[in-house]
Amino acid sequence: MRDTLKLYGREFSSRFLLGTALYPSPAVMSESLAASGAELVTLSLRRQNPAQQSNNAFWDLIRQSGCQLLPNTAGCKSVKEAVNLAEMSREIFQTDWLKLEVIGDDYNLQPDPFGLVEAAAELVRRGFKVLPYCTDDLVLCRRLLDAGCQVLMPWGAPIGTGQGLLNRYNLATLRARLPQVPLIIDAGIGAPSQAAEALEMGFDAVLLNTAVARAQDPVAMALAFRQAIEAGRTAYRAGLMVRQQTASPSTPTLDMPFWQQTEEVSR
Amino acid sequence: MSEIQINGQRHRLENCKTLERALEQAGFTGEAFAVAVNGEFVPRGQYAQIQLEGGDCLDVVAPVVGG
Amino acid sequence: MRDTLKLYGREFSSRFLLGTALYPSPAVMSESLAASGAELVTLSLRRQNPAQQSNNAFWDLIRQSGCQLLPNTAGCKSVKEAVNLAEMSREIFQTDWLKLEVIGDDYNLQPDPFGLVEAAAELVRRGFKVLPYCTDDLVLCRRLLDAGCQVLMPWGAPIGTGQGLLNRYNLATLRARLPQVPLIIDAGIGAPSQAAEALEMGFDAVLLNTAVARAQDPVAMALAFRQAIEAGRTAYRAGLMVRQQTASPSTPTLDMPFWQQTEEVSR
Amino acid sequence: MSEIQINGQRHRLENCKTLERALEQAGFTGEAFAVAVNGEFVPRGQYAQIQLEGGDCLDVVAPVVGG
Amino acid sequence: MRDTLKLYGREFSSRFLLGTALYPSPAVMSESLAASGAELVTLSLRRQNPAQQSNNAFWDLIRQSGCQLLPNTAGCKSVKEAVNLAEMSREIFQTDWLKLEVIGDDYNLQPDPFGLVEAAAELVRRGFKVLPYCTDDLVLCRRLLDAGCQVLMPWGAPIGTGQGLLNRYNLATLRARLPQVPLIIDAGIGAPSQAAEALEMGFDAVLLNTAVARAQDPVAMALAFRQAIEAGRTAYRAGLMVRQQTASPSTPTLDMPFWQQTEEVSR
Amino acid sequence: MRDTLKLYGREFSSRFLLGTALYPSPAVMSESLAASGAELVTLSLRRQNPAQQSNNAFWDLIRQSGCQLLPNTAGCKSVKEAVNLAEMSREIFQTDWLKLEVIGDDYNLQPDPFGLVEAAAELVRRGFKVLPYCTDDLVLCRRLLDAGCQVLMPWGAPIGTGQGLLNRYNLATLRARLPQVPLIIDAGIGAPSQAAEALEMGFDAVLLNTAVARAQDPVAMALAFRQAIEAGRTAYRAGLMVRQQTASPSTPTLDMPFWQQTEEVSR
Amino acid sequence: MSEIQINGQRHRLENCKTLERALEQAGFTGEAFAVAVNGEFVPRGQYAQIQLEGGDCLDVVAPVVGG
Amino acid sequence: MSEIQINGQRHRLENCKTLERALEQAGFTGEAFAVAVNGEFVPRGQYAQIQLEGGDCLDVVAPVVGG
């Protein structure tokens, strides 16, 4: 039986969602997308001046990539901003999928739990398929589910820090308490080993951007994350060994030769 | 002579009172943008009907990279 | 240019060395070896009673695997034991490669730094290619190099614990101070994410056994480690992003719409 | 009648005084083992020459799984 | 100038707030309070059956302790429950100080950010001095300040776990971003070293219960925490050394004798 | 029964050993010694030019402090250097107590396990009371005991880094396996909370220098460490609570009021 | 004959219709308790005025240890 | 005219051949120092007997701060 990621009724074979920002060039971006195997890519909307309209290399490349679009509401601080930017996304990108961000602080760029729940509820009412960027707070996560979200995207660490999984206790609690909900670690992942650990813990997927785009070789790093995420998922399904406090030999201890000598030694 | 703002820039609002004309005048053509007036999204289908007034704030947005 | 692991003049395309013990069955062992892509496998010698001679399923399977043999001296506590078991290995297995273990404590199964250096020097004299299982002590590692070892295998954690990399500081120091020496993390690795991290840190390979053999599905776990180790190596060569203390947005902040509204909000 | 030990088990050392004969007698045949006498490795080629004495301790080892 | 803790206009010389539950006996409780030097102690309200009224040893001991009372709303899950229990506390204990708990989950016993803000706002309106038990979420903390709380009590880890400071990143962010607000680490502290670390980070005080009451010797442990909290505060004010990545000798290296011999050695 | 630290037959009431280097001034040093309550202080020997002989402020202050002297062999890299510097110490300082350092690496300043054991054996033969600065390697520690050392001083982290206890696993193993041996954490401690943790783990004392001398206010920091070390020791003897994985309420859950309302809420 | 609940226990509500009388009857005397009726706090000063009705739920709470 | 080293500095070794005289001449007086010749500790009691030779390396050390 194939192991697929199901989000809002769609199946994905990749568990790696990738962002499109911060790459040295559009060409490197599209090679990185290809190397990542990502099927869902995030992008955004910003004010445009008419002059730019002509050249929008990145936008052509995204469409060529064949990836499904996941527009975000990055930078929105109020429910009104998030809802209206979401509507504009739906019109331009012709998709009702949305990575919902309602930012609560300019410095740590964390989600605003209060605005997030309110915006999520309104957007679900309007027919959006909302994937909220949230914290690892279990109560917040349940409120988002009550609001109609069918997928949650808790942060690992603040955006762009690469600090990895800052609160394993809370994240493990989320996973244990919401066993049926697709959970995607979004933001803070800096290295493939961290992504692998998230999957080993049972998280369903990882969404990141900076760690690939800011690598010395983004295309190679996209591949590294792809491999690590597959590794983590495979390991989760294969059942990790139980961590032990004390050592135990792998090589058999029975029938060890020289025990006479050993005795002498120990004499 | 009243004024509007488009993406934070002042624009003179002449005899063109509809959103559609204002966008044309400002050089926005094609499909690859979406619009909000005073922070409220306006579907493309309504551009022709919407009458602008002095002080209106337009946002015209287009796709950009994002994380 | 192909990225290969060079040990004692031989090139390997796999950076995953795997043990042959503790599997539920010989069949599962050989499937796991195949899934791991390992080119070097560890095995050992123990007293035999004549009756057994006939059936030695595992031994036939190992030979069929085509993997290069890396006999160990597991369980030896004295230099004399290790040296003589090494000689017996060389005769039976027809190889001068050796994973040298001189165990200093029955409970944590750690290497004995003193016996290890002495045994390594003697075995190098006798023409062995010694891969010593050692601690993360830089001075010990240099003594082993002085003794003629061309590869070192520092532990991550005690054998069979799966605790991962217990002392990242010491391990990072080893890697930084011995840039030219092939360093293989041996023992203590419990999850693919830990193996990936070792490779990300610049270690050349990983040797383990329990984490695969004791997984619920050893064959799948062997694959997971293979993927993670490739991921970690790819990431190391791709140049990881630099970890940041403070958040920074991936999506552009310039030309954010609604800033007038934002002002109102902040009023 | 003196005795030797093989892998920790007592064996009677009869008129067979060489290591080679002792191994045969104990049932060790074929190639898949190696031998130490009193903790010192003995190369296969020397089995015929080595004379055993009472109290000698033999280790006969074969391949096993290992980590 | 004396270093005091200022909460709602009152000054305290102790930075250790202690709970009154889970002690082996009322006598041990009151000895522990004395040993701790605590000036603020938490207690609660529960249904009473008339029979009990006579014997309430603990309640007499608390009053004799001379400590200021900090009633909690432990176990309340709704705003209505918390507000009404608070009113009952105010009548019985004759104090408008309140440790506000609105529990959002029966298993991790975490605060409900949404109910907490609503209850805090209502209770401030009613004239309570609210000390909310909250998470380490910066946005939640600011909402509580907006609601009129003048003190915040973020958790270190779930109640009764003794896991210590689970998310140092978030806690350090709180401290840095709310420099003027008295911040008390409440819940999750299991060892004096953890309490000392909280004070070293600049937190103003620590509130705990289980780690003292469930120690083998609660009275001695109360003293240990008192010492550790004083140590941490002293250290914070004395300015900790900056952590270094590489070693540097304390003893002077200049004028080392034997350098000729050293040369020989290194030859 | 008084709880004292016994080293080589002498009893000490303080478990804090302090270094004398790196202070802003001799006056600050001697105030810091006083504030620390230390009864054992480390110092060293270096080449002197005759001119200096007159002014040796620090040396007078040390003698006035009434602390017992613990001369070190800092900077020695060979057995010969360490042994001869030890002899010179004994003559000048009129004490056979010695903090034995044989440095194995100029960058991490770690002990050389091999030279250390050899030097320790020789110095014990010559009647010294050797307190060796060693690593957390159990086998090395046992060799030092075999050589006649009655006290061991494993590092927490490299000298001057303030990184704390880098390998808790190894340190806990040392403590568990050598229950009768006085173990002093020497080097790497940067904050009082780290010192408290060492004592909580059962270590008998802490020796440090940089963390006090390089604090913004060394005298206050000396006091902070003194308090933290007392706290850690008190906690160790009082028996720490057992860390729990899941939350458990401190306030009683029985007889909670409003359960009818709670039901309504949950309906 | 109607009933009330006190701390989850059924009590018969006889001719005593005030909260004050109900509490006395149930044995609650002294100062060391506080009361809520149907989840709403009732100040001590109002006990005499409050008329209870069948089905009312009383909570009577007293100090306990807490963390 | 032969030379010795004291703490790494060259000193002319004149007619004073004993360690004691050499130290005096170099200005080392009092009790607060200890001496090694060619890396070997020399107890204070032996200063008068020790005859120095050209090329000898003296270390004269005194107390300093230490960690």
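Order of writing sets the chain letters: A, B, C, D, E, F, G and H. Residues in each chain are counted from 1.
One rule holds for everything that comes next: a residue touches a chain if its C-beta (ideal position, glycine included) is under 8 Å from a C-beta of that chain, and two chains touch if they have at least 3 such contacts.
Keep in mind it's a predicted model, so treat the numbers as computed, not measured.
Counting only chains that touch, the fewest steps needed to get from subunit A to subunit H is 2.
The chains touching subunit C as well as subunit G are F. Of the chain pairs F-G, F-H or E-G, the one whose interface repeats that of B-C, sharing more than half of its contact pairs by residue number, is F-G. For subunit E, the chain whose average C-alpha position is most distant is D. Just to note, of B-C and F-H, the chains joined by more C-beta pairs in contact are F-H. With each centre defined as the average position of its C-alpha atoms, the distance from subunit D to subunit G rounds to 92 Å.
Here the spacing of subunit B and subunit D, counted between their Cα centres, is 96 Å. If you average the CA atoms of subunit C and of subunit E, the two centres end up 44 Å from each other.
Averaging C-alpha coordinates per chain places the centre of subunit A 34 Å away from that of subunit E. Each of residues 7-8, 36, 39, 59, 61, 64-67 in subunit G touches at least two other chains. Among all residues of subunit C, those that touch two or more other chains are 19, 21-22, 44-48, 72, 74, 80-81, 84-85, 107-108, 158-159, 163, 209-210, 249-252, 255, 257-258, 261.
The set of touching chain pairs reads A-B, A-C, A-D, A-E, B-C, C-D, C-F, E-F, E-G, E-H, F-G, F-H, using the touch definition from the header. Note for the complex: subunit B touches subunit C at residues 5, 7-8, 36, 39, 57, 59, 61, 64-67. The touching residues of subunit A, counted against subunit B in their complex, run 19-23, 29, 42-53, 56, 58-59, 62, 71-72, 74, 80-81, 84-85, 87-89, 91-93, 159, 208-210. Residues 249-252, 255, 257-261 of subunit F touch subunit G in their complex. Listed in rising order, the residues of subunit A touching subunit E in the complex are 104-105, 107-108, 110-114, 117, 135, 137-140, 143, 157-158, 163, 166-167, 169-170, 173, 177.
Across the complex, subunit F is touched by residues 19, 21-22, 44-48, 72, 74-78, 80-81, 84-85, 107-109, 158-163, 190-194, 196-197, 200, 209-211, 213-218, 220-221, 223-228, 230-232, 234-235, 237-258, 261-262, 265 of subunit E.
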